[in-house]
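First chain written, first letter: the chains are A, B, C and D, and each begins at residue 1.
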């Protein structure tokens, strides 16, 4: 299925600053980039940054003397995914987890799994099947945390959310990640474009490492899991911010879109459909 | 200079558990491992784990039915380091930092650089030279935080320490890292064996990325910077724990040693000597 | 019923310091003090401190040049209490709460009821009867928080405990208070001597203001509610510390006891018995 | 000097709710209320609440079936104050503090003096004179914390502000209080009307108990200290909120004013003038 995504960002800089942006779709077998364009006004030096062990495609922009700045990214992506029988997914004990997944077991800035350990075992310890365990976590978050725009700040962490019980997609993802890690399931942050998300914005959800695959979960239930375009992965939002600013630049406007390419047919697979069909969705094949 | 290091760990497990240990010296041009031995009683399955983008050599031990467990690591290491003229170290703006160092600019579990930003700029913003800036941070921590055994827990973070002003080597390192990141200097955690550390223990300090090199700093001033054997690097202590336990095992005893190989000559280079000579120490050459 | 209580404290002071101690039993119709003795070695100036609106009997001791200090308090108390039919307890809406109870609706150092609001309403909002609501809170804490000696510090607050799920009597009390306040039930801290507490120590529990009376609750279920000798009340432990030290004094030993006067008969009324009999216990009659 | 103050509040209630408001000027020798009027639309049951040991004049309003609500308070106050020679103010050791001031030594919701102890002693421990010590605290806050509207939330506490270094008047007051308590100086929150405050709003500052008097301090330096009309005192903002809402009511508009009665002459005494004249201001005489 082909999706057209776009991100239009406007910044204002007080003095020469550096921006590290994370808006590019990742490359992978599951995400073939058919075409892609980045436009920056005025014309500024742009550099691509990659980091060993990460698929994120950061770009670095130097504002130089420019006071105002506009960055537009557009791409057409052919998205692919695998469906796996949920019932057949096997537990992979910590004793068999690959080294590369190891870091996703450790606590991070917004996912203090070390402090959520007893709670996680009390609530979900009895569920043995790993996929069911994560689904129970997703249900619990959906049932107990209310999606309230503006209720949290960039400092809000999973430890806050588990008690305060309000948040936005980023907070839902952080709590999901923290609870999974507390239960020894590697979990990572996922940010990306989401088809039919209302209102359109960059979305955040999370992935768990089950049976040597990264399966995608969304505790907000707002996104079609088969219509996500992956932009950033990381331990948490600290690793996948749309923009990290060094110097003094402020975002004046941000517009995100994600549409179906004309003629494409789409059959939504959200949380409800996956459950009904008894399948799990792997969107990082080849990554 | 050759050092003999050893780590002797005893664990008690209530039921079959998995331990991921980080006690092995890293391999690199700066750290040639002359000999090395790992002994586990009883004989258990042990596996080496490496992770893309990290030099840490984790081992994974499954306790199986064993209730008590002893792990002994011994190695002889030829340590090497470079000394750089502090005065000549150039600032590397964020605009030129390599992708692999990028993650060390972001906040992490114990180093909430995002919350320390104003404080860091207020205290150290006027110092332009990057090495001097870090040295000023090291001085500030040394002068304002008291080393008090048992004053902190495994949950204590840089945000706590900057106000509570007590801690152990781990806390000193976290605060140094957080302040550097807040000032856009990539910084990472360093754990390892330290010659003549009193009392002998695994030591923690930190490294900053200045002029495309990782230079080592120790705000406790307890270690000779030229007699450290690097074991773990990471964003903070969450990435370089001596032991991560999955299941139920408790450490019953831990003994660490680090001695000079007979006949070796040693001339200490601590914080004071480096300043006197106007040099910075790079211990990760070839890493 | 008559109880003999004692508290034996030993301090060491580095330099002249002031201690404010809260070990004296409160006076009230419910707690008649038959005899009482305070002995301090060496003989030091001691002063009684009372505070408008509080029944706590603080004493202030100045160490002067004394390096070591021993304070012994002994008293015989005739304890009394009222039993009320739980079923008949009426809800007192905030609209009818007395001014003096008002402060016990506000958040305090260790009871951040403002941050527990949604959680409290989600868990207990459906229970309308005020006494049943508090009993449900007591049950929830007892079922979800594990009593683990040494698992918390003097900084641990209700916001931590609700997620970390371990603590001691002080933490159980703080969480009970915070949840009640979040539900608009005035709640206060209670510290005192407790008969047959194992091991003997100063105990902490809490009181709720229901139908214009202060009823006592203990989420640890460790104490007989009809064999408590009230020492301190307050917003939380910050108001009822056994000792507040100004200067530099360290507690070297603390011994607490609470025994039945010979010949007295005692029939325990703990959480279980109260439920069985359908009664609530008011221990602050006349206070 | 006579001041006319007014507060106009509009609320919207979803269902019958109770509001406890704290907008009335306190009565005292220093604050003679010449006239006063409270108007509520629609006409609702209003009740005055007082609390032992507090001078705050709370009112309680029940919305009943009213969906929208307007509360207007107007008063003319004759303000008085004493000026004391700062140099002559004597230290009152903890050993001589009255029982009623005791509670203002303890940590509270937003003023975690227990966690700021080392910092406070490091920064201000050498200053022996109590008034100079508090003035040094006021200076330090003014110099190190930036007044930034909207930079903090109702959860922000002194422990946050001391590191994050931004805030509004409430945060400045909390930090001042916490630092004073950490140094064994009783300190309390002060909320009230402030003449010529820009923009007009309820102001917050703090008072310290020095030589058996409550002296007023304002680390924001925004208010004339001799033109404040005291509304609320308490441990921190939790005790002196303009409105505590039980049920579901939202503030739709709030307008505050404080003007000089015609013909009155006013000579400002702010932080700068007090220092110049070497005097301290006591505004709670007779309270």
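In the analysis below, contacts are C-beta pairs under 8 Å (C-beta built on N, C-alpha and C of every residue); 3 or more make two chains touch, one makes a residue touch a chain.
Just so you know, these numbers come straight off a predicted model, no measurement behind them.
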For chain C and chain D, chains touching each:
none
Quick check on chain A against chain B: do more than half of the interface residue numbers occur in both copies, making it same, or fewer, making it different?
same
Give, as an integer number of Å, the spacing between the C-alpha centres of chain C and chain A.
47
Chain centres from averaged Cα atoms put chain A and chain D apart, in whole Å, by 45
Can you check how far apart chain A and chain B are, centre to centre, with Cα atoms defining each centre and the answer in Å?
30
Residues of chain D that touch two or more other chains sit at 115
Drawing the touching chains as a network, do you get a line, a ring, a star, a complete graph or other?
ring
Any two chains that touch count here, so list every such pair.
A-B, A-C, B-D, C-D
If we count contacts the way the header does, which residues on chain C are in touch with chain D in the complex?
18, 20, 49-54, 58, 60, 62, 93-95, 98-100, 102-103, 105-109, 112, 114-115, 154-155, 184, 235, 238-239, 244, 246
Give every residue of chain D touching chain B within the complex, in rising order.
115-116, 118-119, 122, 144, 146, 159-160, 162-166
